[in-house]
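Each of the two complexes below includes chain A, the first together with chain B, the second together with chain C.
Coming up: the complex of A and B.
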């Protein structure tokens, strides 16, 4: 990593109260995100990977300040996002944009594509009607849609096309950071590659910094510079993509990699598959969060909570097997 | 399809479902004549002739009269002394019902339906047919304006409660419950007791200010549901202000139950107005409405025409709005069938 990071997340946590706590009852907390720290250098694509419910999407929403964190800080170009007032935050939103997972839900069904794409410019009072239209046309071309799309409604498009619209909307304001929250997970496999390639192209053309949230390790291997693996609200392993894929240190990362199918039926390999269920993020056991499913669980794991430690210059892991 | 011309999916589907619905057609069959009556009341029932020749000049008193009533112009000098209602029928071309609603003619008090007065007259000799036609205008105006007021209040309160949630939602919901706990009709009667000079506008306002709870609750629920949708979160991530998100992004998606509720609300408002006029606390005495004609039937039980015609009109109007409401409800969302009713 060179220079000052564009985005720095430190000790970020989000605990959702679950009722209870009324008239002296015990108040339960759902710890969706529980102390997450990482940084993105300008121009980097970092993949945040984990199972459903591990807190990766919540992390994305905390960074976008769509949710207020319980504790922790988010710094963008050194500026504390959480301290920004409403006016400053609106300015910052021009620089930080988001692409959602489900392009069926994230486009307003009663708005034409042209209106949806113009909306960011209108909200921020950019340009006059003619300039805005020009800008919409320009971005529309960049995401591979034609002008005929502008007068239509979202329901007239396929999932892949809709996701292109969502990407175009995110790019309208010319952001430097894009949080892509599982942008291809809800698409057909045949379309996923197209959208991933589009994200890659745009990233290069516009020098975007991207936080790419995904649940599939295989998909992000070829596009990410670094990978962070999340489990139950914590990052358990983080490092340069090649380091993590070639030498996965955390048993959970290994299990995730083993779960990736190989497209060759003759290959037999030693698989380490996970058994057991994800523990509830409400009642976390003491010690390591992964102990109930870890194939290499030790006595220590039931008492000590492992912290992320630096293994070498490009690789960090939170596991008692290491250190 | 040409860009810019395709309707949104919901709108197109709505039209297709409505066209296929017998209920919708039946309601329109009843509502269209009613609307014609309301809009063209002055041309259907008017004691001023469409056209007449007076002292060698041609005049159009029915049309001129509409402008005179607004205060924009005056009668031309030669017509000033003319009493149109006493004009011989042969002197001009008259409307099909050549009477005005409030034209008193004590010589013809309480006449039964005849060729002269097709629906009879009341105690003051006012023509019932003319009263029915002009009453349609008053009924529809009261329905639409009262529910318009109710919709504005209901949508604003419901939107704020549903969108912001939390304490605001809690307080607004308690307000809903408070309003629902008070019987609206008695509240209106109570308010009427304090009003010196009743007018149609006051009736509209009172019905509007007491009838917003149903619309507000539907709006609140729709907004609360939309609050968590990705397209709303996306608008937030763009930096859009709350007002813009509420009324530009969420409201168009929340309109379905609101529209249905408004249509049922119109039927309700018409019924309330008729009820008030029947009790004699609604509109001033010189204004003829369906309810006030019905009121006269109380004291003159032999004059069946005073009860039957306005009674049927109220029944058919309320029926047609309810049918339209049901057709809209089914067309907008078949899953709501049987669940969504007016206030």
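Coming up: the complex of A and C.
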């Protein structure tokens, strides 16, 4: 990484209060995200992976300020996003866009595609009607849709095409950072490849920086430059994608990679299955968050909370086995 | 004689645009103790196929309009409903994708596991409860004596799926349909459930139909695979053969679209162009032809039949019908 990062997240946390606490009783906290730090260099595609409930989507929403963090900071081009007032934030949003998982829920069913795509330009007061139309046409072509789409409604499109519309909408304002929250997981296998190819083409053509939130580890390996693995609100391992996949250091990362089914019947492997389920992120015990499922748990793990430490120039891990 | 023999199964749904065959002349068999994988994308008819075999298709709007389903020598489609009930949950069971919607929220898990045992095996309430505890233990639920009295909402997703498996295998069925049994689960939990299913299969010798869109899951569990597209089986062979030498352009496309390690990373994925067609929009002829990279003149003619193109390898594609004609 050279120069200052485009996005810098430090000590980000989101604690949701859960009932109780009004008359006496101690207030319980669900620590969805609990001290997450990472950075994205311009042009990088970083994947945030983990199982449901690990806090990866919440992290994405905190960065977009769709949720207010409990603590921590998010810097975009060096500017503190959390300190920005509403007006400044609106300006910044031109540069930071989002693609959601479910293209059925994230498009207004009563708006035509043309209106949906024009909307960001209208909201930000960009261009006159003619210029906006021109811009809509331009972006439409880039995502592989034809002009006949403009007068139609979302329900007339398949999931893959709707996701193209969502991608087009995110690109209308020419952002430099896109947060893509599980952009292909609701799509069929044969369509996923189309959308992933589109994301890669656009990334190159527009020098986009992308935070790619996903749980499909094969896809992440294919598309990302770096990967951060989350477990119960923390990043437990982070590094260059190939470094992490070829030499996973955290026992959780190892188990996660080991659990991915391989589409090759000639490969038969002995899995080390993790026992149990993800513990509740409320009332976590002291020590390491992974202790209850870790095959290599030691006494120390029940007392010390491991911090993310740098193993080499491209790889960080939070595990007491490593220092 | 195979345990289950499905021939020409056709299930039609009434839609505002007229009747549509969601399952259209599907043939397959399952031998005793065998695992058949059924693969396909949304809307290909894989779930309706399993619901049809169990005669669970909601009517209206759905109706089985043709074909035969022979189970252990007995035709199921003409069986009186009362007789069918003795097969369902007893000799053929099913587990569904979403355990939260498939379990009844107002009954304890013990009650739901025991229901089949009391109905089919005539067990008393007490015996059924004891057996439910045993089943929970067998599917790897910790503290089964406590869990047996809990309700579905008190369990995690993985545990609910274990409960559903316990329910399905309580009567030791000869055949189990598993419809996307791990799709709603995280990968570490998926690995646990798949390991559990294969262990149970080894112990009881039951046959399994594994329905999935995940080729990885299929590669790891199935002995044979049937690929479905738009209500049809388009290819069927052993798992090894399918992954080694897929014949149908759709199957080839599916396999090629998977990201693979060492594929000159950051390269492009080989996507299948176009989208899965709506069943109402299909004309006559091969249903895949609009997306097919190998399309030629014959494809605009009548739809090709499912033919044996190599030993133990059938495919529904004009490319191979042509080869056969030449030979």
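One rule holds for everything that comes next: the second predicted complex is superposed on the first by the 322 of 323 C-alpha atoms of A that agree within 3 Å, B and C clash if a C-alpha of one lies under 4 Å from a C-alpha of the other, contacts with A are read in each partner's own complex, and residues count from 1 in each chain.
Heads up, the rule we're going with is that a contact is a pair of C-beta atoms (placed from the backbone, for glycine too) under 8 Å apart; a residue touches a chain by one contact, two chains touch by 3 or more.
As the structure is a computational prediction, the values presented were derived from the model and not from experiment.
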Q.
Touch test for A:197: chain B only (first), chain C only (second), both, or neither?
A. second
Q | Touched partner set for A:109, first chain B, second chain C, both or neither | A | first
Q: Scan A:266 for contacts with chain B and chain C and give back first, second, both or neither.
A: second
Q) A:160 contacts which: chain B (first), chain C (second), both, neither? A) second
(Q) For A:93, using the defined touch cut-off, is the partner it touches chain B, chain C, both, or neither? Pick first, second, both or neither. (A) first
Q.
One more residue to check, A:152. First (chain B), second (chain C), both or neither?
A. first
Q: Report for A:277: first if it touches chain B alone, second if chain C alone, otherwise both or neither.
A: second
Q | On chain A, the residue positions that both chain B and chain C contact, one per complex | A | none
Q | Footprint of chain A on chain B - complex, ascending | A | 1-6, 8-10, 229-231, 233-241, 244, 249, 252-253
Q.
Show me the residue ranges of chain A that touch chain C in the complex, using the header's touch definition.
A. 51-52, 158, 160-161, 188-194, 196-197, 200, 215, 217-219, 221-223, 242, 245, 255-256, 258-266, 271, 273-274, 277-278
Q | chain B partner contacts - residues on chain A that touch it in the complex | A | 61, 64, 66, 89-90, 93-94, 97-98, 100-102, 105-112, 119-120, 123-124, 147-153, 155-156, 166, 169, 173
Q.
Looking at the complex, which residues from chain C come into contact with chain A?
A. 41-42, 156-159, 186-192, 194-195, 213-220, 239-240, 243-244, 253-255, 257-261, 263, 265-266, 268-273, 275-276
